[in-house]
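Some structures to go through are shown next.
Below, chain A partners chain B and then partners chain C, in two separate complexes.
Let's look at the complex of A and B:
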């Protein structure tokens, strides 16, 4: 469904550009497989980046497997750079020509605090209890990564 | 353009208070130094007055108990989707029109990512790439007190107006945060002003004017004490004829006075830093009203990365800007809304000066008093040639204090009576002090009219020459010594004696006649 809808919504010029880009990609694809990407595109994830990302995401991944997975993900995403997108207006949504629905300003939700708090691990007097702000993670020695 | 939970910033202030103790206090004023030029720009978050939230059907009541105004969408439950509130689009549009902005026929929503526990989705839905409106203007009047007091007009340009969600509120202690999501998803409009201002007083005047505009439009309650209007100030300082300096941002200032104080403090702090040969650090600070200083808020080692991305769950928002655009049930019709924009405070001030001969100061004060304006308009409509200057003075100097002291809103004044009193003052029938007596009576017995109060208490000015004569004679007799010196040409006591007559008559003597009497009977000639 989505391909059909997508095609319908693309103007001819966009479609041409996309097709052009797709051809270019497929002609390169044999040499640009994710697992055999050229050395230049191999991401270098250094210790600082890992620390920074851990803080931003609050996800703990500073181990060999975690970093390998991150590098894999970057390599995967980097393939998008191989597509020539010159003159292609980015398509944000296939609904970009739709008019956003507007709802009347009425209160329609019941306030069921039990449901709202049902997924919280810790609560107190109907508050969610969370760790104290965006505190830095414990800074560990990441030298074992090297 | 960062939003911060209300409670979050409070606790930061608390936290930094303790660390401040170690910093020595060597704060001095450098504002007067002419070589430094401060640059100030404001970003103002105004909560849109609506019944339900921006994207959910939860209510917006400020005082519901903890987590009682939270739809599943506001708590970011999986599978929930945003549905935009028409009222918020209308309010934003109306505000944009009142501030002469260019409205975007199509605007879009974006996600701005932060990881805070009071932002459960991990992002705020805002308008980053194509906001609702751009390029507006706000004209306002700045009043600077002190020895060289002056009143001047100022204009600040609006960069853009965008719709966005508020975050939740968190209370912190040492080991944890308590999160209340009642605020999460409340509709905000963020007004981003260009850095056109140069000190705290101008910043405060801008906020005051914006409050007037928004409350008159009914698009925001502007109750700063409830967090309905929050001000962020960007401040930098540079030497004359050199590039702009590094700026700092003071977040979430919650009172008009605090805006003036925080900006002026920050300007002085930066000048001091620069004069010591150090550099201003680009950072976020908060205003500590108790200690009258700004303090650093967030750690500044990393630049925040919001990873903006288009909001995939909301197609573009459309407005109907012109009559040749077809009508659509999901388009806010700007051609209709434009008729709902009331006269701006600025236009009103200009009109008051032009049509009624008020001074700029009178116009500024009158326009900012919601309680007085209807009285003024009605009294003037009843009788076009009424003396508007006397009326305005009466309203501002005497009537206003009744409203200000009246917390329970019991006092009612009628425009009719205001007009009558004005006319009588103009015609010399009553004096200012009698007008005050009448007002007092009126405030206590609202059933009476001004005329009735006067008749009941026999309050009109004494204009009978015989009575004036009697009053003046008795005063001169009681002050024989003073009169002697006066007649001997040693000291002019006319004024003092006149005042005594005025007091004796309980403020009812026609002072023109009294002055006349003394001039005729006891002219002063210095010997």
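Let's look at the complex of A and C:
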């Protein structure tokens, strides 16, 4: 067991070194944070997370490859750990130096219900129609994932 | 006639040598002849003929609206057009008839243009090949089985080989605005609107041998452009020359009360008349592009172009943008997070298709969304929501915003040391074949599969995995304009040995459109890229 773990650790650190070399990181950007997890060590996404994400997203993973894609995306995103962002302000908008303007609170377009509802598949009188709410999504059995 | 410039055809319209209706007819015929390329999702013949007739009337009455009056144009199918299908290439919006026009669409109409159709794209503009549309892939005209000639201006001694044609294994158009690029390249229209989030206008323009321009974020209204990544999306312009791109830009740019992210300042039209003074112009070439799996032909043409600039007095130096290796990762995280948030609007109730479930609202949402979205869209939503989980928000989303700041600082320090323009490749190679493109996409899956079984190979494969994790990462330009909102333009500069277009990209500081377009015009005249003319 311990031998096995050691082996894995060795392989990982070796891989990490190789990976850095392969990426030809410039000297500045290689000042990686000491606590950054090696990109290769991303844990598999557990079943609870899969269910949670499906519930939040209201789309399903469809199959195991879907989950693998997510793991790949996480692994890729973990590269950001290599960048030192101490004391860096997040850049939310490239227009951060501009002032957002407000328009006057005046009606500029006429309130045409027909036009607004024209894009809905099902309507009744002047309403959109939805099935009953407050019923939780039926949770699939994840072992069905192929 | 269809392969000339807007200005020269505008002259003919003015002198009554040709009518807008005739021009429109020719354009619609060209669309028919090139139908196999699948550049259009909807051909709007009725609208076009009506608009052309109105234009004829204006010419008759001397009430014309400028150089764009009567000019056939096309619109990418993610811009809302009143009463006309706006599908985003997705099943989700396959029934969507918007009740209003996007601002850029109405401005083009006010300029007198004739809209001939809506162009194909990757579903919700997520892709770089225009192969992921429910209406099928768009094929590149270069290397297609549609007969065409490549003609250089007189006194030009260059000759080129024609690409081998394989009807089964065609060249991809690039994407996601592939339909728009092919429509322009094949002479079906004079200009087309694309959209650009991470290179979606410039990438297909480069593969199709046309000019693709991404304006500064805030210069052109996004009202009515169906959002992908709000903090980066901008309308893009594709045309066959820098002059034509400029004409369209001048018609659509400027403040819009319906888009609070447009700049409030009055738009000063870009003028190309003065040209550019190359003496003392400082051009930087980021050295980081060498780190990529870039094609030798692109490197060659970049070097050649740099020396043309140098010979004519420009000061060309190698510069460094140290955070470039992270720009694609930063982009990928921000893209997926904003996509997850943006796609939440598709619930089947208010617009788009609707599932059949009646048990519960949530079940209806889920059913609608799994029927409406393809695998690429779904997986971006899922990973976006993963990065946005409370426990991951700082680690991924906020982190990516911080890295975006560092990338911006890289650029700012270049502009601060008085660089005027950056010159880079637009893509890593000429247009790949569909088999090559798909193979990369598959390779992503293979890499995922092999990840645990082939540790010995890991360094190599991992590096590939970084590049191809999603197809847009391999085939998009990986330079960082998209995260910064600075203007960029791709200009076709030559043909590869196989006879396919190669493009180079110029970038300038935000809102320096004048300098950028003038330099691009100079480059266009210096390289004398050949004209493609259909033989049918």
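Note that the second predicted complex is superposed on the first by the 95 of 146 C-alpha atoms of A that agree within 3 Å, B and C clash if a C-alpha of one lies under 4 Å from a C-alpha of the other, contacts with A are read in each partner's own complex, and residues count from 1 in each chain.
Just so it is clear, a residue touches a chain if its C-beta (ideal position, glycine included) is under 8 Å from a C-beta of that chain, and two chains touch if they have at least 3 such contacts.
Quick caveat: nothing in here was measured; it's all calculated off a predicted structure.
Taking chain A as the reference chain, the count of touched residues is higher for C when chain B and chain C are set side by side. In the superposition on chain A, contact is made by A:115 with both chain B and chain C.
In the superposition on chain A, A:61 contacts chain C only, with no contact to chain B. Shared-chain residue A:124: touches chain B; no touch with chain C. Of the residues of chain A, those at positions 52, 56-58, 92-93, 95, 98-101, 103, 115-116, 119, 128-134 touch chain B in one of the two structures and chain C in the other.
Of all residues in chain A, only 52, 55-58, 92-93, 95-96, 98-109, 111, 113, 115-117, 119, 124-134 touch chain B in the complex they form. Residues 95-99, 217-218, 231, 257, 260-261, 263-264, 288, 291, 320, 322-323, 325-326, 329-330, 332-333, 336, 340, 347-354, 357-366, 369-370, 373, 375, 378-379, 381-383, 385-387, 389, 396, 398-406, 408, 444-445, 447-449, 455, 458-460, 462-463, 465-466, 469-470, 483-485, 510 of chain C touch chain A in their complex.
For chain B in complex with chain A, the residues that touch the partner chain are 8, 50-52, 56-59, 64-72, 75, 77, 83-89, 108, 115-117, 170-181, 302, 305, 310, 312, 314-318, 328, 330-332.
Listing the residues of chain A that touch chain C in their complex gives 11, 15, 18-19, 21-26, 28-29, 39-40, 45, 49, 52-54, 56-62, 65-66, 68-77, 79-83, 85, 88-95, 98-101, 103, 115-116, 118-122, 128-138.
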